[in-house]
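The same chain A turns up in both complexes below, where it pairs with chain B and then with chain C.
After this line comes the complex of A and B, so read on.
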């Protein structure tokens, strides 16, 4: 692909954004669009997008010129996670749907509203944190999002509130009538000593291609705890670029879970800035890929202050002609002494057409630290398979058992019981587990 | 203990022990780089027409290339027109035997601990000594010649064995491989050539010793090793340079071609002048090293101890093309003061059942930055490939940095890849244990570092291992406490 086509595509996106939104009215959007125009979509040799030619995917599958049509929307209840009492938010084609949403927690405990409205009403918390953590200068997708986002959710957990009921955001793309492009922007602020769980789930109807550019900024204040789940299990032609930007203060705890199970193309940029002491961050990821799915997880953990702990575990099983990409960066800044940072990435390739590219990366400027990363790629252990077969278990079952056990390590860390059951059933189905 | 003390005492008195210069008359080309300079070099060396064409085509490609910016190092831009590309000790006529070689030169190498007079050598190492741009002497040529081994300077090989040079030069590192390889192909002045015939096991270690002497020069040497079927050779490379305030450029190319069942072991102790405590001066070491396991069952092993150079940019690699071929990479990279190193390896698995092993140990002290950058690529056809990589970093002091950039690309399901990396500092408990046994802190650090690097040092030939141990202690001297 030549540079000119990338430029053309960038130009098409810019004019599509200008048609929809009056960027001139907002200095931030205006600046972001200019940056997007300057940077352009990542070129094929861009180091961060080396194995993920996003421009080519977009060019091949989308025509940004046409205005998206939307067809009738079938029953969406089927996408809901069963058996969970939750604050349900439904976004259809990137637009908040009041009719399908239901918040059961009292407003004193958690405030959920549209980000656009919160900013327009000059909500002090929203204005204080919005666009403060995302770096739009070095990532054109982030600049695109900042220029073009139309709606998003603002979640604020006030100081000292513990929200037992999780918030689940269902993103449903209606691609029955034609291609669909969604640009969403969320902001989550967890106040001091608060506790909350947020789940994002992505689904669609219709067989047309649909692309989502989602940015979520997260601020976790002192001593707060936040669990974030992203469930990427779209049976149709989903293309998605996620940026999750998390900023943590002293003694806060964050657990993130990224499950990539089905869809066409996922790029997940997960960035944690540990700007305080005594912080604990866990990142878990599982990608079970088949057909020609591409899943790319880029994580960055930035230890800015001393005495924090981060741990990362990403596991993947690549079947058919899927592609798995993992890049994990750990930065330890010069004064971040006594940092402990660990990272593990394990992959199984099931076919010769599947590929995996991993790049675990450590950049360390402090000496009194313990950092390690480990990464493996292989196939199922023949001897273990044989052992199971020698006990009278047929080969397919034995294989499923071993893959399930491999995936199970990540699943074990899911805390919410009903969510765990749901994920377990989805993963079991995928691995043809019938024991 | 007494041995350790002795090592340290020896070292505490001086900083960079090879920082002196020799006063020998030299003949140089004018500063700058253009086609005329290349013609000048080629004419000086009395080269055949095809080689001049080869150089010129490399130069033309180089002018179109851009200096790579991706390494994790920073340095002011290099003015390639401010470098002398050819400098040679003046000799009345080409020396036929050692008696004809300028005694100053022999003294120079003796001072470095490299004796060129064969009867004094007890260790059985054949040496090709290269000063600035040319090779001055090669020892043990006759003994090796009896076995059919060719070991001589590159220029001599061009004259005497043009067929071999024509066939293998550029076969592993193509002219346009990268910026510095292209530069080297255009202006290379000398280096070593080695050919081991079918089934011969080279009875002694072959060695090249590089010395930069003249000021303002760049050193561009080229080494080519061809190991024919079933042969074996162990090759050593050492290098030093005088202490100067300006930076000097060293851009070398090393190519290894291993045929069926051949084994090549290449060891380097790199001790170019690293610059002073404030980071002034020192060598820019931009080297392309690559081995091709062309035949089935061949093996190439790289071992390097990197202690010198202001900036190191070096990735000794193995292309495992033959089935069942093996690539190995063992490295210790030490940086102190303001040194920067971006080094590692590439293992390209093309053939079936190919194996590779990477052990990299980085040690950073002072204000230095030390990066490991490596790639393991398993191609589609590489059924049953196996790789194990380990890269550890040791940090001494809180002003330095350690970085790892491993790329792992797998396209075959039967591949088994393991990679692990750790970063830590020398444990206070370890030092305390040594102190408690009456070992002072400096010796304790030397002891712990040597233990940490042992896995790599064990791979070195004996004479080199001793030198490397001393170098490690020297480079880190004063970095504790």
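After this line comes the complex of A and C, so read on.
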């Protein structure tokens, strides 16, 4: 039964893609669509999607028929993070909006352009890195993206450039006239000794459902530093599948932040390949879920060479009937001696109906390594609550204090002051902070 | 001020308090002593409103109010303060922010204006001096990684900040070095007045040399089996509890 419906849905998606894009004209797209067709959407039993029945979610909530054009989109600035001087890129329904975008950094410092145009113009950096890191053979969503992406952003920080001004990409879905399906593809290349910050933020208007299949490939060259933020705080009916594929060279430093605060369905695949020595990678995640939101973070950190360091901290608070899923894989390849790899996943369940599934997966083939992982799931510490209350603090405030303290550990790692202020205010709001 | 009548309580199906009777008037200091496991902390927790304990019978009246009907935070706002035998570590909650929130919720309850940041810090400085606690300690997360003695001192600091009417000090002296003991006792004495009362739970006569009690009670198997004046503490120090246990079993 379920296999059939998954097949039907896959077929619907394939024909929707074929209607929009001349897949035959591009060997990579053509191949990717074939792979997607063969793999199909992950079946309910699929090991990597067993808690996250994406096919069922898509089938229930989307028709994949062409939707009528949405109306005009007013007041885009309300989605912007206040007080940040940034290079602003706005994508509306997956399409770059020149009118709302504004790049303030000089082009010698950072190049931001349409990925499609960069590839069409045979930009050597773009062609060198595009589609080189994503594995489309083992993930049908990756194959779907590669076959179907219509637009995306190419960001190139040349060697030795330190870009203080962050790039913020606002993905705005205007689902006012009907369901909205967006397939975007980005490429970020950080040259040797460069430094940059890229933020992705997702918002929407309209009451219809919207699904985003987003792939971002990232190449971080020797001794470069990159901070990547994903802010998933959409009040509306957002369903989203993200793949972030990061490839790091010697002595590079990457910090990723994934904040999932609001929406219906999120699957975040974060994959870091540490292909060099002296690399430092930090992965931070915070998911504050309520209602019936499902948020699934699947992370892989792959130590391919010796002497690198990775550290992962994901924390979640599940309220109402929300579902959290965390799967953290650490691979240490046979020659990746002297690897340090740490992972922690901490969860608080606030109701009986909320759930979390957490699974660390360590596969270590080298012998001289330091690895640790720890998962905890619990309720709010009653003893601590009592302690706070015994000082005259009412229960709601005491709860908010403890939850905020729990979440604050992740927030503490955010260095950019205005970003931190913004995230702090959003998180405070979500946790009903009143102290 | 506090009137406990025939108080009985249990935890996890085990009855710990077996009918406690105690009258405390404003201005008094009562010491509660007794062997390990006799129910001293249980009594303190029940008075502070810890949910894990179920009250099976009896009454507690505090300043004319039914104390047992109040939530823990309401009791604190009415003026009950428990200095914990084992203060809880709460990572991520800043001590200063916590203290300010607590004080201002209590002040609001008393019909006073909440303190602004400047006056709050001023008050804090004053009370820090009183209990000789270091600012660097208060800049950290609440009790996190504090030494045993530092936690106790922090309890007394909080008491000084909140100015309770009834302070219950549960073995605040254990884990304190001699100097800290004097400082803590001194802090308590400075807060003593004819309007408030203190319950001191302790195993040692030493603390009672500094905080001189008006009454000493012995708690044994969930009951107050003997009451007296400060001389009783001296007698216990000299003779231990066996003679009291014998008296109880004979009776």
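Rule of thumb we're sticking to: the second predicted complex is superposed on the first by the 430 of 435 C-alpha atoms of A that agree within 3 Å, B and C clash if a C-alpha of one lies under 4 Å from a C-alpha of the other, contacts with A are read in each partner's own complex, and residues count from 1 in each chain.
We adopt the following convention: a contact is a pair of C-beta atoms (placed from the backbone, for glycine too) under 8 Å apart; a residue touches a chain by one contact, two chains touch by 3 or more.
Note that this is a predicted model, so its numbers are computed, not measured.
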Which holds for A:354: it touches chain B only (first), chain C only (second), both, or neither?
first
Would you sort A:382 into first (chain B), second (chain C), both or neither based on which partner it touches?
second
In this superposition, which partner touches a larger number of chain A residues, chain B or chain C?
B
Now for A:391: first (chain B), second (chain C), both, or neither, which partner does it touch?
second
Could you tell me if A:417 is touching chain B, chain C, both of them or neither one (first, second, both, neither)?
neither
Is A:370 touching the first partner chain B, the second partner chain C, both, or neither of them?
first
Identify the partner contact of A:83: answer first if only chain B is touched, second if only chain C is, both if each is, neither if none is.
neither
Is A:11 contacted by the first partner chain B, the second partner chain C, both or neither?
neither
Shared chain A footprint, chain B vs chain C, residue numbers none
Considering the complex alone, what residue numbers of chain A touch chain C?
381-384, 386-395, 397-398, 401-402, 404-406, 408-409, 435
Residue numbers on chain C that touch chain A, as the complex places them:
48-52, 71-73, 75-77, 81-82, 84, 87-88, 90-93, 97-99, 101-103, 105-106, 109, 141, 158, 162
For the chain A and chain B complex, residues of the former touching the latter:
47, 334-335, 337, 347, 349-352, 354-379
Could you pull out which chain B residues touch chain A in their complex?
70, 380, 393, 395-425
